[in-house]
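Structure provided below as structure tokens; questions to follow.
Each chain gets a letter, A, B, C and D, in the order it is written, and its residues are counted from 1.
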Amino acid sequence: MAYGVVIVSHVEQIAEGVKNLISQVAADVPITTAGGTDDHQVGTSMEKIQKAFDDNSADEILAFYDLGSAKMNLEMAIEFTDKQIHLYDVALIEGSYTATALLEAGTKLDDIEVQLKPLKIK
Amino acid sequence: MAYGVVIVSHVEQIAEGVKNLISQVAADVPITTAGGTDDHQVGTSMEKIQKAFDDNSADEILAFYDLGSAKMNLEMAIEFTDKQIHLYDVALIEGSYTATALLEAGTKLDDIEVQLKPLKIK
Amino acid sequence: MALTVEQAKTWLEDFYTEIEAQKQYLSDLDTPIGDGDHGNNMARGMTAVHEDISDADFASVSDLFKKVAMDLISKVGGASGPLYGTAFLEMSKTAAGSTELKDLVSAALAGIEKRGKATTNEKTMIDVWSPMAEKLNSDEAVSEADIDQFVESTKDMVATKGRASYLGERSVGHIDPGAMSSGYLLKALVKVGA
Amino acid sequence: MALTVEQAKTWLEDFYTEIEAQKQYLSDLDTPIGDGDHGNNMARGMTAVHEDISDADFASVSDLFKKVAMDLISKVGGASGPLYGTAFLEMSKTAAGSTELKDLVSAALAGIEKRGKATTNEKTMIDVWSPMAEKLNSDEAVSEADIDQFVESTKDMVATKGRASYLGERSVGHIDPGAMSSGYLLKALVKVGA
């Protein structure tokens, strides 16, 4: 698959759980996660995000996050990676679900972004 | 606390994880969850939702959910309970975070609902 | 045209058998436009129904339907659980007064519409229940071929409710899985000849 | 007014000591308008910094700041991690050319503004860094009392960035925790007398 999805959350369980939810509708989309801090606390880790980028088999990635500070770490990680990352300020669960279902159906990125627009809440 | 929060998700980990995230900013708000089906699959269970209503120490509850079918089970559970339930069609993580942080700060329900309005995406 | 308890049991046992047989196909229909679990969901629900009704006696069609509703609500796990559950709850209420097919099907339809906040042409099971109710209410005979055609009509629709709605235009070209299972249910009903 | 490696180390060690002493207070400030972890976050980060710099030699202020940045980015865990991390990264770049306080503080401010997409009067650490940079750039002396006053000014502000922004008007009446920790950092800087 040309595109992958990365889920960043302050909580490990949320990141894992969202992956479970969306991989159900998109068996072929590579999905990796970065949840919580390195010592499993509530927070985000730039290193975990970098690893989620690296471990994702796709070179072009759609990235989703929960709260603002996750975005800051995402943006730092984006500065350090060679992959092409698209960062969306949409509702984490609902936005990543929509995008992943559409990716699985072979939808073009432009069209996916049109469908994501109403979910922009940050 | 006069108000409680109930989190309903198709995935047990998401429900638990969201509870972790929001209880961090709201130590005094009673939060209960209903995640996944009775046999721990992806889905929702009206019985789990009823239990989340019952187990919540508050009599007036703000309820949040992820995808549409969770809402249907929520609405059935609402028909069966004596508690007063407010159901919000907002982004699950972002909406429940906002509402819970405001509840903790003692904000009136009307004012909370004003702040939830821009997060309505369903 | 009024359903007896025996006929209702036959109906539900036939539906159970059909769901078991078509489980994989229903989940396959649910894969491109959903999460691929509709067959498993329905099988879980109907297995519970089968276990609860096959050896049990029911004083009325209303009691039987109430049991079915509760099993579907608690076992299915997907959107189809509250939808079929509400359909049977509403049929249970109606059956206390009338077990005429047209009254039962109309009650089920109203329940599904209420629960799903949906209407026709949204590519859901409603697109099978609604034309079915319409034909019965105008006292027309409904054949299995008619029902097949209701199911088939969902293929060209754009989904605007349920998981398939996330796909928008991309949902076109696929039969709705809930429409298909509703087709099985209503064909089994027609077959009992009430 | 140019910072040496020794002065920079003293600065950071003093800040580490202050964070350890004020850890609980910073987390308490973060409780009514955040998630109550700012003190722990900063302590985690500064402990790593302390461990990495106390017995190490650095060829330049720039190298030292780069190390600090990396520790804060990887250890803090909260919003303040990327924010302070970016501040030190930008100071590291600037220090390659100049270690004048006004140049360093201006670089840090620009980094925080970029990372946080925020400006003054949003009740964040920027409300400490920004007036600090302004005074230094107009070659005014900055006293500890001045810095206390920058921190205090956040109390009456409505938060529009970070977790406190979820509380809107309810955030008024509380000092911003990141402003407070920035106050400690800048007072420690003033104290080394560079």
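Brief remarks on what is shown
The rule we apply is simple: a contact is a pair of C-beta atoms (placed from the backbone, for glycine too) under 8 Å apart; a residue touches a chain by one contact, two chains touch by 3 or more.
Quantities reported herein were computed from a predicted structural model and do not represent experimental measurements.
With steps allowed only between chains in touch, the distance from chain A over to chain B comes to 1. Centroid distances from chain C, each centroid being the mean of CA atoms, peak for D. Taking the mean of the C-alpha atoms as each chain's centre, chain A and chain D sit 30 Å apart. With centres set at the average Cα position, the gap from chain C to chain D is 62 Å.
Centres computed as Cα averages put chain A at a distance of 37 Å from chain C.
Residues of chain D in contact with two or more other chains: 35, 37, 163.
The multi-chain contact residues of chain A, meaning those touching 2 or more other chains, are 24, 42, 67, 97. Because contacts link the chains in a way that matches no line, ring, star or complete pattern, their graph is best described as other. Checking each pair of chains for touch leaves A-B, A-C, A-D, B-C, B-D. If you check the complex, the residues on chain B that touch chain D are 24-25, 97-98, 101-102, 105-107, 115. Against chain B, the residues of chain C that register as touching in their complex are 35, 37, 41, 73-79, 81-83, 85-86, 115-116, 161-163.
Across the complex, chain B meets chain A through its residues 9-18, 20-21, 24, 35, 42, 66-67, 91-94, 97, 118-119, 121-122. Chain D contributes residues 32, 34-37, 163, 166-168, 170 to its touches with chain B in the complex. For chain A in complex with chain D, the touching residues are 37-38, 41-47, 67-69, 72-73, 75-76.
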